[in-house]
């Protein structure tokens, strides 16, 4: 389902070139649960960004579901992300000034859905996360664990096949880490492909089918 | 040159339209010329980002063009009282012939060209291979040149408006002379239905086709557009439609706001239908082709509605 | 449909970042209020000029000598074909004394019974009687039946009785004109018997040419020409004002540019997240443009309302600039559709122009880097 062939990524800062990934090849099948480990700054997030089409590689090829995404125009990549990929970020990245429910409905905006329809589709996901009583709370009134569950609900609102989570349990306490781990594991059992990075051992039911380690921009 | 509030405002917005289109066209030219089939992802990103700027500027340019049309007529209207003898816009236009008429026509026509570009862009972005990418980027400098020419003519025309005595429109449009034109005029009542019927048959024919091609829609739209232009033409319309002869297009649009709206609607719609119909190689691109057909039909519907309103107004106010 | 949804998102963003929105809206509001106030006075004056022209005859015939008006004899026009009616008129400046003080007004005496302006209270003036506009009557503190004094050509006060009022549809006439009969005007202004200032002629415009051909010493003014002259006189200052106002607008635009360019870290991340969630770049540009448009619309609309309110309250500062410091002419207030359109166009279009580049820069950030920006 996800294929990376000899992918490299170099960041340029002025004249200086900072290599982030070097010659990474990877193949992830549908329904797999893959974790990518490595120390801070080793390029895990960059790799997830490239898999999730958030960044383009400097060299190499990326394919999703048999579609070569490397040369696709940007608006096709947006469309692809909307249809196929859900993101969960380490720092949740929920939008302040919106309620939990409105945050979950944000990916539906480009489809032109009205707020009522967006909320109608978002509510069951918040319920599934046990947050129905918090649905109309401003996002900054929620705890870290609750915010992360809102972020997962947001990632799921368009029923993507691929879920990409960048350090999903690093910024929450142990109880919430276990809870979020269970939620992600359940989604994986339901058939979603899960790729996540972590620098701590996942707990609870979240057991990866494959584990890769990234060091110095290379995958082992 | 007479400077009043509207003249200053008009120049400001006109300057904005030039400021918008010039960098857009230069950027487009740069992107269009540098584009290679084989390019790195970073080059692709840079190119796309530049294209986004061009598209955004073009949208802004299009909206500014739409603002400029009423602003232009309001500006000229405000100057009539300063020109002895001029009773309406036609009198003002006499001050700088033929630049004035070319300028005003261009002002009406330029938004349609901008619209064409935006349609081309919408179709282009439907296909991953972006088949019209180079074409649309290369078309932009031509658009910029026209915009610049129009701004130059604006300046030229407004510079020539001074408090000198001009004849009013009665001195331009005299009663129709006898002879051939007069003969046509006498037969107008039979000529008009013929024209309308031809249009109707063509439109009906297009609609009855199971899967009408964009070209059929474009043809129907072209006929309707020709009909509209004849309807509005200062000297042809009175003969064909038995309209009051002295009603030049300026008087018509000022006296009947519904005709102004309908003419705008018709021109925009029919232009949309024509441009969607004449695009090359649309059959090879299913997504773009589907959108073009939809836009074409939308344009035709708008156009026919607009033309009908103009004709009805003529029929009822004759 | 999508565009409506993007509008709602933009509205929401304006409220979310309200400090930022206000920092742009307030200066734009002030500039637009100023511009709207000026336009309202300008349009009001033009409207008044048009209303004033309605009371004029189709043709006014004057005698010029070396470019200056001199008294004429009306009998010269008798033999010209096409003239339906002609009425001698005498007019000039006089000083009016009332209980409220003294002021300079225009005294008009017209041959015949029907007065220049329609009487709304009382009757047409006879000898030693006058009719004034409602505004002048209010300002001078006189009522029908009361007496007032005019200073005649020899500097002697002449007493007149106020017998009627005419309407205030034209503020210009209503605050300045004093109507009397022809002989009384002749006496006060010192005209020789049988002469007049000009002649009001009721005839088609083409007759004006005949008059000028037959009497080269006479000049004919059509009603349209007089109206144009009034409009041009009152419309002239707006161009100068607009230039000053544009400088202010330019300052606001620079502010808009600076404000739109200063992108906070939160905005960076937000755009990165939205793109990660599948928002196309053009949608983000559209939202950012709509945000500017929403702020602009609100600022321009409220600025226009504030400007109108300012003028309705008497426009203390603008009044002196537009009308001259000493004139008792009340500030007219009228904002035509055309001016309203211009105000919105001039307020919004450059604002969008100033926002587009920063909006594009923000929207084309690579999402991966935008999300991780620190």
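So that you can tell them apart, the chains are marked A, B and C in the order they are listed, and the count of residues begins at 1 in each.
Note that a contact is a pair of C-beta atoms (placed from the backbone, for glycine too) under 8 Å apart; a residue touches a chain by one contact, two chains touch by 3 or more.
Note that this is a predicted model, so its numbers are computed, not measured.
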Core chain by centroid distance, with centroids computed from Cα atoms only:
B
Looking at Cα centroids only, farthest away from chain B lies chain A
How many Å are there between the centre of chain A and the centre of chain B, using C-alpha atoms for each centre?
48
For the pair chain A and chain C, the C-alpha centroid-to-centroid distance in angstrom is 62
Whole-Å gap between the CA centroids of chain B and chain C:
33
In chain B, residues with contacts to at least two other chains:
45
Residues of chain C that touch at least two other chains are 281-282, 366
Which parts of chain A, given as residue numbers and ranges, touch two or more other chains?
56, 74-75
In their complex, what parts of chain C are in touch with chain B?
39, 42, 224-225, 227-229, 231-232, 235-236, 238-243, 246, 281-282, 285, 289, 338, 341-342, 345-346, 349-350, 352-353, 356-357, 359-360, 363-364, 366
Given the complex, residues on chain C that touch chain A span 1-6, 8-9, 12, 15-16, 266, 269-270, 272-283, 366-369, 371-372
Contact set on chain B toward chain A in their complex
40-42, 44-45, 48, 125, 128, 130
In the complex with chain C, residue positions of chain B that touch it:
3-9, 12-13, 16, 19-20, 45, 49, 52-53, 55-57, 60, 63-64, 67, 70-71, 74, 77-78, 80-82, 84, 87
Along chain A, where are the residues that touch chain C in the complex?
45-46, 49-50, 52, 54-56, 74-75, 78-79, 81-83, 87, 89, 93, 95-98, 106-107, 109-115, 154, 158
